[in-house]
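Data first, discussion second: the structure below is written as structure tokens.
The chains carry the letters A, B, C and D, assigned in the order they are written, with residues numbered from 1 in each.
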Amino acid sequence: MAEHLQWTDDFDSPHEECGVIGVSSPTEEVAQLVFFGLFSLQHRGQEAAGIAVSDGKQARLHKDDGLVNNVFDAASLAPLKGKNGVGHTRYSTTGGSGTRNAQPFMVETIHGPLAVAHNGNLVNAQELRAELLGRGFGLTASSDTEVMTLMLASAGGPTWEDRLARTLPAWSGAYSLVLLVENRVIAVRDPWGFRPLSVGQLADGGWVVASETCALETLGCREISEVAAGEIVTLEGQKITRRQAMVPSVQSARCTFEFVYFSRPDSQWDGRSVHSVRQRFGEQLAREHSVEADVVVPVPDSSIPAAVGYSRESGIPYNDGLIKNRYIGRTFIEPTSIMRERGVAMKFNALGENLRGQRVILIDDSLVRGTTAGPLVQLLRDAGAVEVHLRITSPPIKHACHFGVDMGHDNDLIAARMDLEELRQVVGADSLAFLSLDGMMLAVGREDGYCNACFTGAYPVSVGAPKRKDAFEGVLA
Amino acid sequence: MAEHLQWTDDFDSPHEECGVIGVSSPTEEVAQLVFFGLFSLQHRGQEAAGIAVSDGKQARLHKDDGLVNNVFDAASLAPLKGKNGVGHTRYSTTGGSGTRNAQPFMVETIHGPLAVAHNGNLVNAQELRAELLGRGFGLTASSDTEVMTLMLASAGGPTWEDRLARTLPAWSGAYSLVLLVENRVIAVRDPWGFRPLSVGQLADGGWVVASETCALETLGCREISEVAAGEIVTLEGQKITRRQAMVPSVQSARCTFEFVYFSRPDSQWDGRSVHSVRQRFGEQLAREHSVEADVVVPVPDSSIPAAVGYSRESGIPYNDGLIKNRYIGRTFIEPTSIMRERGVAMKFNALGENLRGQRVILIDDSLVRGTTAGPLVQLLRDAGAVEVHLRITSPPIKHACHFGVDMGHDNDLIAARMDLEELRQVVGADSLAFLSLDGMMLAVGREDGYCNACFTGAYPVSVGAPKRKDAFEGVLA
Amino acid sequence: MAEHLQWTDDFDSPHEECGVIGVSSPTEEVAQLVFFGLFSLQHRGQEAAGIAVSDGKQARLHKDDGLVNNVFDAASLAPLKGKNGVGHTRYSTTGGSGTRNAQPFMVETIHGPLAVAHNGNLVNAQELRAELLGRGFGLTASSDTEVMTLMLASAGGPTWEDRLARTLPAWSGAYSLVLLVENRVIAVRDPWGFRPLSVGQLADGGWVVASETCALETLGCREISEVAAGEIVTLEGQKITRRQAMVPSVQSARCTFEFVYFSRPDSQWDGRSVHSVRQRFGEQLAREHSVEADVVVPVPDSSIPAAVGYSRESGIPYNDGLIKNRYIGRTFIEPTSIMRERGVAMKFNALGENLRGQRVILIDDSLVRGTTAGPLVQLLRDAGAVEVHLRITSPPIKHACHFGVDMGHDNDLIAARMDLEELRQVVGADSLAFLSLDGMMLAVGREDGYCNACFTGAYPVSVGAPKRKDAFEGVLA
Amino acid sequence: MAEHLQWTDDFDSPHEECGVIGVSSPTEEVAQLVFFGLFSLQHRGQEAAGIAVSDGKQARLHKDDGLVNNVFDAASLAPLKGKNGVGHTRYSTTGGSGTRNAQPFMVETIHGPLAVAHNGNLVNAQELRAELLGRGFGLTASSDTEVMTLMLASAGGPTWEDRLARTLPAWSGAYSLVLLVENRVIAVRDPWGFRPLSVGQLADGGWVVASETCALETLGCREISEVAAGEIVTLEGQKITRRQAMVPSVQSARCTFEFVYFSRPDSQWDGRSVHSVRQRFGEQLAREHSVEADVVVPVPDSSIPAAVGYSRESGIPYNDGLIKNRYIGRTFIEPTSIMRERGVAMKFNALGENLRGQRVILIDDSLVRGTTAGPLVQLLRDAGAVEVHLRITSPPIKHACHFGVDMGHDNDLIAARMDLEELRQVVGADSLAFLSLDGMMLAVGREDGYCNACFTGAYPVSVGAPKRKDAFEGVLA
């Protein structure tokens, strides 16, 4: 099927790489808890999913390409018996035998089984990979997860926590890791705290660690707290042990994009409700870039709270103007002439009665490659909008992310190539404005502690020369 | 897999049975146009999909269980060559070999191929079925669609339009039919106009008929109009022919539930924007059942416009209070103890910061079996809401639908068994109120011409004794 | 995948269309008995399989493309509960949605469910089909089975046996039918007795009817006898009822090819062991066409008994000279240059040590399109055979079969286009000889009672003008 | 599906573990050559298949559970572009995620890609595995293939051939390995020469190495020769390089069972035709254990040549007495009462006319667990045989194989637990006799150089304490 284009999902949004979860419970229901938890993290990755469970002696793994619901059924879940388990949902596999890079990545080690689920990206993965190859290792995948797993397998120290503590100093970049070993689950977050990771307690006394708090809430967890930057957290039945293994970075480097786009609105990030911050993005944007108009319209769904905020602050009424087709997914039917021209119409339709004769403020969360904004503006005009003012709830993205988000290379980023007026002309809006960096952080409520490298180029960790996502793909495909 | 419960989709909503579409085009791209059109009708049925295409000599059919995107790929679409085609998406198959009742239903007749895609339900299907059996027919499916198809195949008259005109008088109930014959597409709508059906013209001059206008807009159609009640519309390349075959019912009987729940908000029904009517439902509900509160919260997604309307009219601020997991689908994993208790939490999560200490007005579109409202109210309370006032944008549903909507039997309907105070207690709300029938029609903007039988029991067409959906399942399973 | 050629199975053999089976048992194990019985009939058709079972009230059907073992698993077999069932295995579906022509064909009728499994071919199917279409029927498939089923459904008479008896006179051609109705299984064989059909009694007292006796033996049946030509046999639990519904043809017209190729060697046909008759074919061939040689080599597997017989009669030693790859099946990989030249080598390899310097008599069962014989002769020569004398255990096939065997059209048949010497040159043999018609019947042990139309053109039933297999495909594809 | 028994394939035969193939060609057709070659080796393993191809820069792999024909289609084969490739077909995966142990096993190393296809078994795999774990490796599979691969990856030496030469001394046991590296294919065979491995030249000048000569012949190879024990053979386009890396064992230890059962009859083993040796087994058996009887009957298919040999030598006529159902495969339908009793009847049926009243000599190739012989003897008796004399073309198997054949443990072997008379009674034969070890070797034509450990317990390589097949399964499942 490789000859057919995949097009419908090619809308302009950054791609998060992963959601991770780990559960330790006094019951044997762990696989099921992981399974249902993965549902809540499905928005972080729709390409592959996997669960590994240990019964104290043996660890078992099932993973495959597809949505959580496609990868698992009763038959595949049944053998995953045990009290400790980890799960993973992944945005993209990098080609070839799809499941090769699916996670968790599981190996047998001299210390027993080790399964690793990873969200993030090491900036020195290539160097570490070369180091392992040089030590005579054979690597089966092209992911930094295998590199991390094998480094742990060969590290010294009496416990897995010790081995982690000794290995962490070698890792540069973003990692929110969940490890499954013989009889417990271990979580660790990089000293910069790039990506989210939180723990909470189940009604049965067991513990869950997950990328987002929404997953913890879905499983009914209480006592929810973040895994601290540089902290190792061990979950073992009803027991939790926390150890500050690395000195946290003086300045943490939380990903602002978790607020802008990635996290589910019902999650907490840095103690703040994602939904509320998005509303404040809208309010701040209204303050910074007001314009005379009749209606504020969001690009559904991620920009709805910001549009509500913009409306509140500006006093311009909110209304729906675009309806999203929730069912359109990845299709391998290559559109022929008529449908090719319809493009964005497959995914969005305009509500003419709310747009006709109106001056519209269109709220979107970000401008990455800039492929969707133009067609959306045109869609509004075709539906009768007399003016379209595009307002973006984040600053222009000018630099690739090296910490786990796939935004493409620097030169894929439209704002890296054009100035504001050029951008406005390309998207065809009457006016175009971005939320300022200061305004964004004001809405977040923090002056610092965030990674805004995609806006500023100031990477919290040195990233060397720009690389492609597949740069260390190496010799296997 | 029959032994595993299916639970996650068992939320409290009525089930529409079908979306239909037909395309006649001067080009050979018809199968693809039907395919993309079905995407826009996917919300009307997620269980099965099918497309039949005629090249003027032979008709070819592909149909299977699953979403449009799963049923079709390049390989299955490729053989469907021709200038005329019809498609169908279906809510439920009634068991057994799943594809047996999938549509379109296609036969060879003395007059050439005939494929039928049907949305609706005949109330006299059992009688007609018995009539066919009595004439010596052997029926392969359990659907009224086969009955209609075979009646057409055996009808007299020189053209398919004539045969339709002679057969229509025998059909009692709801039908929006799209027929594929050798060299054209024919659409017909029952004299009561129960279910929607509209036509529009493609950019290439061809014509499309579809259940909802959103599908026509997605394909870029202009000149959109309804197929009139009792009208036969013939599409043949760039030519359209309309013929009023049946005298329309004095009172039309449009389904009000298309506004309440079924139709996509960007569709038009009876010349009104579904989205706008939903907003007016909210406004009217606010006028009828005001209550002192701090925030208006919708059950996403269908109740969002009504909540916006309620907020506008009442002056009480709108805010999101529930986040819906868009990825949860049908799973065959039976939840064990912990997860069973989580129930509705799999699909919805509460936004504590918007609810804590708040008096909440929760807007939902309908109360059918009443299985979801209670858990949702509890979810809001657990998240800190101090009061929850449930407001429903339709009257209490007390009578089963016999015109193509699966709401269950009369005694499945919770409002048929309980009075308002009992309902309030069961759902655990501080107050509960329904939009009045008059208020609903005021919001629609019509005094009559609608079927409100599910609220009133006044069926526009005599339905005989109550029957189960599977009542005429007969002897095949 | 339609663009890829299918090639590996394109060896030169006639294609039988079907195996049928019916079971009536006092136990509920009927579906499983049918399932295991179909295994024994798998050689009669590898393209599709199906089982229908009645529990006395409802009949359930499962059928799909594929081998018996692929079509059925525990989940698909489980719902097929009941004491009466029928099964079918089919050689080829005629394209389009594959399962459309799969069998059993099942309908609901005024008299309850009716499922039909058919082996054979009606020569007047087109006329009967036109008759049904003319009566206003809509036909979903392109098979004569649907025609037969619908004729039965609309026939008069108080019992299914009566309706059969009244319908049989309309059917011209070959049919070994097994019917499932509400509470019993009914079998019938055409008055010419073209295709085999036998009954036997299970250890539990129930009864089985099947295309070949090998299936009856596999299920442990005793009291095995043929369904007579023109006989209707009713199986109902431990009861069997036999009724001579049609006067048998003065001359029966058993298919000689059941001996030559189709039947499993452990089956009985006309009271004779297929294996023994094949050995006698070889003996007779040796008497008719002796040649000086060193070794007798069969084309495995069907020609092994004949080669043994030839060896015995001629005194020339038997030895294996060709090994067949049992695993090669249908592949959709189109061979590129190197492999294309290897052709027959994919399926057969020569045993050099048995062939080197030898004068070889190669025994094959038939010459149909003549595509395999040439490459096989060459394979033997390449392996060192100094002479290759091809001996065929049947006469030259010069006329298409119209009674259920797909040999292609008259002009696909190589012996219809060439004389003996031309054939010899084309296959590249040192000598070529066919068993004579008289010799063949001598080996069978009958002077008449057989259909040898493919050799002689003397069709026992008038077949009208030559038609393609897909001639009455009609307007559906 | 784990709850359903798998039964139909549980017949009494030893299980070979693998077939391997490697191709280096000047053309880009390598993947297809490997694909077609795997067909010829399918009899050596039907559980999983895989192909890895290198284009000189990147290596690509596709492998999955299933027959070659199910694992590969045009889409999965297309990306496997390159001039060097290896393939593998495998008998059994050891549970868990099936593909985990499928081969080729491929890794990236400091020296580029390395893919390994292995037939055999290391007796010191557990020790080597522990060594790797101790060095800090993480192992993803439970196979000795991964162990071998990672040892090679970490070995010293400038070329892969050098690294092989340095690693070979550590490996104890049977291995016929085919390696794919960047730009060539490398084959190596253990110093004992347990398992077969041969090379041959393609028509285009390229080279092929494969487990059996039948695969080489199928691909049209000339110049076929064995890879010598201890030899490393490098294939690179039209170039072949051979290097005697290990001193061959003084006594080679070829597996006699390749003659008895595994190899296809058209293969050569030790320069002898497998088919011819099987015939001589029969002749020798007749000399050793003659008995007065009327007919010699083989258990098809593997014992047919031996039965022909027995017949020739004894003068007692050969005839078929058992017909094998070629289509029965692995089914997951658990047989209920009636079918359970039928057991072996599913796979074999008796030819009554050849057995009735006859004194039968039944020829089978081996007695392993002894589960099939008894039912077969009974089948013959039920079909009328008055005496059944069972003759086995190999000595009693009393010791488990540790060199790549799965015969079960010592105590699974029926001849390890019973003496001859007990065995005879268990199988119910009138007499039972085994070919003597000397007689077997006489038929082979060698006095020594063969591993007969399964008969004698004299393992050519020390095997330590008896272990289960899954003994070093370790902690992953």
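By our rule, contacts are C-beta pairs under 8 Å (C-beta built on N, C-alpha and C of every residue); 3 or more make two chains touch, one makes a residue touch a chain.
This one's a predicted model, so the numbers in the text were calculated from it and none came from an experiment.
Using the contact threshold fixed earlier, the set of chains in contact with both subunit C and subunit D is empty. Note: the chain lying farthest from subunit C is A, by mean C-alpha position.
Mean C-alpha position of subunit A lies 48 Å from that of subunit D. Distance between subunit B and subunit D, defined via averaged C-alpha coordinates, is recorded as 59 Å.
The set of subunit A residues touching two or more other chains comprises 1. You'll find the chains touch as A-B, A-D, B-C, C-D. Of all residues in subunit D, those touching subunit A in their complex are 1-2, 57-63, 75, 78-79, 96-97, 99, 106-110, 112-114, 130, 133-140, 142, 149-150, 152-155, 182, 474-477. Looking at the complex, you find that subunit B touches subunit A at residues 1, 4, 27, 29, 32-33, 35-36, 39-40, 42-43, 46, 67-69, 72-74, 77, 202-204, 214, 217-220, 264-266, 273, 275-276, 301, 304-305, 308, 318-320, 323, 325-339, 341-342, 345-346, 349-354.
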